[in-house]
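One chain, chain A, links the two complexes that follow: it is found with chain B in the first and with chain C in the second.
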Partner chain A sequence: MILVPDVVSPVVVAIYSPAVFVGIIVALIGLFGISIEKNDLQVLILTDIVGVAMLIIVAAVGTDLAESLVLPGLVVELAEILAICEILMSREMRKTGKSVALIPTPLNFDMEVLQTAPVFIAVILVIYGAFLSGFTGGAIAGGGILFYVMSLTVRGVPSDLWEGIAGASGIAWCLWITGFLVLFVFPSYWLLGLMLAAFGVFIKVAFKAGLIGVMNREEFRKE
Partner chain B sequence: MLEVYIWFYTGCTLVIVGSLATVIGPGVKDPLVRTLNTEIPAVGLSLIFLTYNSTIALLTFIAATSIITLILLRTIVRLEEMGAEL
Partner chain C sequence: MVVSILGSQIIGIIPLGDIVFYMTSFNLFMFAAALAFTFIIAISKTETQVEAEFGSLGDREIKVAKKEFKFRRFLAIICGLATAGAMVTGDIFDFTLFVCLIGIVNIGIVGAVKQIDVLDSAFQYGLIAMIASTPLFVGASLILAATGTISILAINSLTYTTPMMLFGSILLFLGVAGETGVAPFFATKAEMFRTPGSPFLLIIHLSSLLVIVRVIEILLIINKPF
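The block that comes next holds the complex of A and B.
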């Protein structure tokens, strides 16, 4: 017997058991694949399948809790795959002594559209993101900032604003936590708490672009 | 409007068939084929998220999957250029 609160919609309750069942089947298929595979890269690709199974089981909860649990799961999976790919490649580089660049062709374009279009597109994306606020707005504004700075780098202009952006991101994170504290400690100021949290997470997610930039700087430097 | 369950069960079928195709499908000894096959369960999972109305999870999942595919493809190509055994 499963205890279900009344607020959960009957549709979600009806597909709960099939969803969990499918998740377990897919996980078993993925783990079987990993157990018979010897090559490290192939195993890494197969962990994707196990990740999908994990996401199905989390999604089966079917409430906002599921949505908030899916995000960290995805981010952790992404970070893990990035790290393991890096390890595999550096091991191979040490073994063979050869090194291969991240970007296949040298990036040095000199086109007129690269000087005019990025500013316009970045401004529109940042304004639209600020209008949306919250997580989605942050993602859109971050895309705009990243696009602008990338186009600067591609043109060969030095862009050294990453450290400052990373600092602002940390401050915005504190803002977000303060917003949550206000919601719990002073519930009568809920609007202030909501705004702090919304714009804190907006700035935080937008400036996550800085993280990608810090990684890219080392790669682009060696032309 | 079509029944909600259609999307859910289509998603489940795609996930199971896709994961089988990734593990024992034809030509999966080539890592490139295997990486492209993982897109099938990804589409199935997107349909399942869609059934549950998890918009932000769906958005993040699509973004993360495309980034993961990019990383994996570039890793495969770089390892092949270095002459590694795949």
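The block that comes next holds the complex of A and C.
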């Protein structure tokens, strides 16, 4: 019984079991580190190594179905590590009674390059992302917007612009979901579904940075 | 074509492209139970804990603020919906993702409390859940590598069982056990229930019970011991 089709080269097939063993060894290294480490933050970072081992073994399968598990696996790892970080932070804040800001305090520099360069870089990234479109383009354009927001934060400039962007992001997300539903429920309208999903995911990923901007505004108010 | 899974006939399938939900009487019952409990939790009010004060005869009430209450109710509803989804999905990858969602939401439900020991326990449960997502996904991917499919309906029609499938399903079970915090890992989760706001905490118990029953069904389908 052989499931691998003939077009796959035997070298690739032979790599599979070494890759699984590498993944298991990586996971064991991570677990060993967790077992001897007593600092909570270090344990959290070491736990991520175990997650990387998971990605290695899943990616070793190498089919498109496996690829469809790599991205959710990565997202799940990130979501869990963020949730546990929040728990750790709020526990430490309760213990010490002090609250900690996520973004560092604004700098008081009066330099022209701080006002012109972020705008230029952000515009270039957004335009390049618009050319790429889809998920990758959205990530690049979002990186540009995020960079702009971060530079605003560091300069300490208050901004009310981002709430509308967050709303647009939510609407684009609905477009994305609708596109997927059209693909699944009415496969004959696939072009409409594809366009809805591609357009929606581009805007959504790009504007996800807007949400971070809204969160940052809480930091501005603190000034 | 009459297909039967573990002796019970399939009532129907919901084909959404590659994602196929299938319904047997067993799945439908658990799906309805999860949805009914989610509905009850969504309309219920939070409890007020009463703690006896040490060294005196007084009592102290612990109430949950309205904002925190709304947040927890939202997460509890998400957890219930994820449980209901895990009951009827016919796809192992979907199942693992639903289980991961349950794990994350469980951390979130107790994440906003103020007691330090509850936060401590939530942190440890989170670490276990994160470590357990490794055997969970690895088990699913080993089953995919061994059978070439992740559809439970397609695996049900296979006639063979290889050791790789057995190994993968053992890892899958380990992952689900860690992610929902049942028996070997329950010590990390036990302290979490001391937080006030009981009806929302019940969904943590309910989701782990239902998911364990469902994963046993999946393992029986994959390995066909009978």
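Following the convention adopted for this analysis, the second predicted complex is superposed on the first by the 168 of 223 C-alpha atoms of A that agree within 3 Å, B and C clash if a C-alpha of one lies under 4 Å from a C-alpha of the other, contacts with A are read in each partner's own complex, and residues count from 1 in each chain.
Keep this in mind: a residue touches a chain if its C-beta (ideal position, glycine included) is under 8 Å from a C-beta of that chain, and two chains touch if they have at least 3 such contacts.
The shown structure was predicted, so the numbers you read here are calculated from the model rather than taken from an experiment.
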Contacts of A:32 with chain B and chain C, given as first, second, both or neither: first
Touched partner set for A:87, first chain B, second chain C, both or neither: second
Chain B versus chain C as contact partner of A:45, first or second or both or neither: first
First (chain B), second (chain C), both or neither touched by A:98: first
Shared contact residues on chain A - chain B and chain C: 44, 48, 53, 66, 77, 81, 88, 95
Touching residues (chain side chain C, partner chain A) in the complex: 16-17, 19, 93, 96-97, 100, 103-104, 107-108, 111-112, 114, 116, 119-120, 122-123, 126-127, 129-131, 133-134, 137-138, 140-142, 144-145, 147-148, 150, 160
Residue ranges of chain A touching chain C (in the complex, touch as defined): 1, 3, 16, 20, 23, 27, 31, 34, 40, 43-44, 47-48, 50-51, 53-54, 57-58, 60-61, 63, 65-66, 68-69, 72-73, 76-77, 79-81, 83-84, 86-88, 90-91, 94-95, 183-185, 187
For the chain B and chain A complex, residues of the former touching the latter: 4-5, 8-9, 12, 15-16, 19-20, 22-24, 28, 31, 34-35, 38, 41-42, 44-45, 48-49, 51-52, 54, 56-57, 59-61, 63-64, 67-68, 71-72, 74-79, 81-86
Residues of chain A touching chain B in the complex: 11-12, 14-15, 18-19, 22, 25-26, 29-30, 32-33, 39, 41-42, 44-46, 48-49, 52-53, 55-56, 59, 62, 66-67, 70-71, 74-75, 77-78, 81-82, 85, 88-89, 92-93, 95-96, 98-100, 102, 104, 135-136, 139
